[in-house]
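Consider the two complexes below, in which subunit A is the common component and subunit B and subunit C are the respective partners.
Right after this comes the complex of A and B.
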């Protein structure tokens, strides 16, 4: 904590990360704002000032405005589902042992699976013809279903697939936090006559609340980035029911080649993300201040 | 973390009560192990189903069922014949390996700075982490033009560059925790012994954080190897396309070859699973270092 120390930190060490920020944060931000206010093609960017025309295009686009709301819904739903499931798994894993062990690693594998492959696997699993789900239902004498056929079904399916991939991440972070809960705390609760569930709810979970809030924030940020499984599993459909903003922007820019419209959409999407994540960040900050 | 200490002190130190019933505790552990094993097995179903598809003929797939009625190995040689799989595998590995080198070159000095440079370090950390909050799609168009001006569009080097930069915040976030664990006294001692700042960084700090560097390298390798948005946007043809892009191209086909698609999926995922299991301790320590900070 003390700033006074014999060890000197050479400023040169900050050069690579600052260069990174220039190329990967400042430049894209400035450039994308420039693209949003000008007329551009993929071949020739920034041709002439067009004011707010691109923003008008973006907001009038049938797919984009809806995609903003769908992105928020997706990120919030996915974060909520994964927080609950991940915490439950972490509690089970912690109750079992102080080390995650091989079982923990096996539970972690969905996280490292390439998301495109995750999408392909689930798509095959759910295929109306030749899919495992259909096969199982048929064997049970039940009628087949096509979860990807309806708007709600497809959206829910994407949340399920995303949760398959990301619940292990939440599990691991919460597990690590659980290892930091002092044993005396649990024992004191037990002495006070609290049962196992009561101890978890009133002592353990409040204790790791800062971690839980961090996890929610991180998961919201990650949820807004969802692209791969949308591209592979639903291609944004049926209709626009699973068109999230990232998917819509990529398609507008690199498949429809509307650079200005995509840039304006990007700016609006970034503002929205900033708004949502800062709501959680403020809550987290307040929590930290109270704790100090 | 201040919250940890604060709560810890408010609890009176009661005499520890250890659970007396040892056999009951062991039964509970066995039960939990069984329960978690079942969950792990259920979670593996999508991947196991892909494995089953990889050894089934087209007709066998369409007949439904979870398991092959007869093993059909021909999908494997057929998949290699249908596309130049070796080329895509090479691209994927080159992009991932190249990007990891770049990420570490930026993130190792960066994490030392964020962890040790007091308020300036904290400010840099905040900036780097907030850059991670912006979704990568924000950078797609600007980076497209940047790569084109550098003549790196549609090249493996270009993808490695972009992925390498994209992973810097993750690597700094992971490594910062490992640097903080190095006792300052060790560095001060090295400094008093006449080692210059740079020599002490290289010969004292770097070896001590090497487990963290390995964990960060592993995680960033996975991220680049799995990356899809940039690979799809910046690799227009097979020159630089990676395995995830190849896999996504199967989707466009009207006549989807389930078996071959399954083979490509398995080939793509196999190295990741092998690395993850082989280096499980590193992976877990690396991923959880952020939470323990």
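Right after this comes the complex of A and C.
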């Protein structure tokens, strides 16, 4: 340690970041936890201490517990689909050119479209009357087919829409990682007689695995947080088929005005997200340890 | 941490905890402190000249205030600033405006089913004394079928009626003639007609359009219309739920039975798909709000101009008297966070007067319906509502079905539509759906009273 680095730092310098953390991180957390343990409505928060009642009610609610499983399924399914598609696109792009160029820009368009507009566009596309898909199906002799009308159809449609929007994001990250794969590794593999697919499988993908795990982690978090397209396209229906936890919590807080219940549900949902994402994080950490 | 730093980890944690405690205490103190705004003086005579009144309005009705803006300004010198909000965000926006202390609005347009929520939450002013002090409000002229329902909670009046919404049944006369059917008188006839047309049309159009998105103002209306027709109710006189009655179960069953013959797929159909479908001639029947008649007759929006008619909602069971339901419907109230409550109350009084009610009724895009006996019976309203006048009058002058207005109403109605949606999805019977709803409502209402 040099003499210069040993100079004492005034404590006041730490006040801004501490205040920032207190206001933007600690405050919302403490407040949400406070709401979760009280009888709170939108108009009258923090009315009465209720202990774990809100948590009990949330866990007894089929609407909420069902939404937890749907959120997990949606996040995992969307992350898997987008990882496969995004990686495939990135490999194709990397194989064809050093720079993505116009094709890359076009592929990124869905990513920069506001999610609400994505939802509106898809809803118009899928509308049973006047929708483009409905018109095609009608011409094929299949009138009245509405993919949003069945539980499975609506859920799959949401995964498709989410994938349409987020696959370019995955592609971008994976493409950046592919640029970091040394050429001599590929050349060595080629000298050893590995074909293109074998090189990708045994050399390229293991090399970029930390990036892939980070992408999965990010996509899981984004998938858990999905709200816009659910709100616009299916409104959680039909029935509860596409009611994810974010949608259910919003409904509890802003339509039923049960803010205490929504806060308890938020805490439980956060714990679930932490649990699922930590599994990926642990895998990533192990990979790093092995690499070291 | 370096020993040379004056900040230890413990100090940082203490500072963070202190800051967090202070920030967390903020809302607690606010919650205890209540509103700082002065109470409404019922007898004050405010000078409105130069005042700007900010109104939170339901989006479909927002244009009505444009028609009131000029006459109000000419009469008082006051200006109006209107903020439209979608109907399903109206209550939350009003609550948050007051609860956050923002106080951006003086007047709230409110869905009447939320009157208990808003009153209990301290969001709107008690207008009982104000109404008593202003005889020119002419209380007795407000339609008896909606006055108490729209404004009364806990023995007090919290607003005045502004838009008296009800549903009527629209049908496509061309399709009806083609299939040789007549306007249904009962919900069973309605289902038979829907089934026949859908079957015969083979996907070119459908026998009916049922909007059944899982939202109280959408799916709730479908059920309420049938419940009204069967002579049922949501709550009894003591505010106990009455959803396990034969009338309620029959109403749900007849709704479930209609769904397979409706434009696919009812649970995903909202206003944005139902209205274009009817205006495009893709659906033979649609129960909707009365002002839709003006759009159906507008050649810019409609392909069914002069090819539609209206009738009263069908009846069912032992009930033979046509009966509508008070689906939606709005009042005007004064925000407790307003800093010019007397001026806001003066506007509420002025805007809900018979003259202004007539003024907005004459405008096709104002989304307004009568709230007063004098305007409902007026020659001007009759002239402006060709084709639908008698049907609207029958509904509002009769004994329409009121929706719950207790503070827990938003929660109760959401539970109801959740259970109905599961029924429409085929996951449970009408009886089970309503038994579950009855149980949940009883629990909520017991908890609320206890």
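A few notes on this one:
The rule we apply is simple: the second predicted complex is superposed on the first by the 266 of 292 C-alpha atoms of A that agree within 3 Å, B and C clash if a C-alpha of one lies under 4 Å from a C-alpha of the other, contacts with A are read in each partner's own complex, and residues count from 1 in each chain.
We adopt the following convention: a contact is a pair of C-beta atoms (placed from the backbone, for glycine too) under 8 Å apart; a residue touches a chain by one contact, two chains touch by 3 or more.
Please read these numbers as outputs of a predicted model, since none were measured by experiment.
Legend: residue contacts after superposition of the two complexes on their common chain; A:154 is shown touching subunit C, with no touch to subunit B. By the touch criterion stated above, A:66 is placed in contact with neither subunit B nor subunit C. By the touch criterion defined above, A:224 lies against subunit B but remains apart from subunit C after alignment on the C-alpha atoms of chain A.
When both complexes are overlaid on chain A, the residue A:254 reaches subunit B and subunit C alike. Of the two partners subunit B and subunit C, more subunit A residues are in touch with B.
With both structures placed on the common chain, the touch criterion links A:22 to subunit C but leaves subunit B unconnected. Contact with both subunit B and subunit C is seen for A:14 once the two complexes are overlaid on the shared chain.
Residues 6-10, 14-15, 18-19, 21, 23, 27, 31, 42, 45, 129-130, 138, 235, 254 of subunit A are contacted both by subunit B in one complex and by subunit C in the other. The touching residues of subunit B, counted against subunit A in their complex, run 1-4, 6-8, 11-14, 16-17, 28-29, 32-33, 35-37, 39-40, 43-47, 49-50, 53, 61-66, 105-107, 109-110, 112-114, 116-121, 124, 127-128, 131-146, 165-166, 168, 172, 184, 187-188, 191-192, 197-198, 222, 225-226, 228-229, 232-233, 243-245, 247-248, 250-251, 258, 261-262, 265, 268-269, 272-273, 276-277, 280, 283-284, 287-288, 290-292. Taken in their complex, subunit A has these residues touching subunit B: 3, 5-10, 12-21, 23-25, 27-29, 31-32, 35, 42, 45, 89, 92-93, 95-97, 100, 102-110, 112-118, 120-125, 129-132, 134-136, 138-139, 164, 169, 172-177, 179-180, 182-185, 187-188, 190-191, 207, 210-211, 214-215, 221, 224-225, 227-228, 231-232, 235, 245-246, 249-250, 253-254, 259, 262-263, 266, 269-270, 273-274, 277, 288, 291-292.
Residues 6-11, 14-15, 18-19, 21-23, 26-27, 30-31, 34, 41-47, 63, 127-130, 138, 143-146, 148-151, 154, 234-241, 251, 254-258 of subunit A touch subunit C in their complex.
Residues 2, 4-7, 11-12, 15-16, 19-21, 23-24, 27-28, 31, 88-89, 91-92, 95-96, 98-99, 117-118, 120-123, 202-204, 206, 213-215, 263-265, 267-270, 273, 276-277, 280, 282, 410-411, 414, 418, 421-422, 424-425, 427 of subunit C touch subunit A in their complex.
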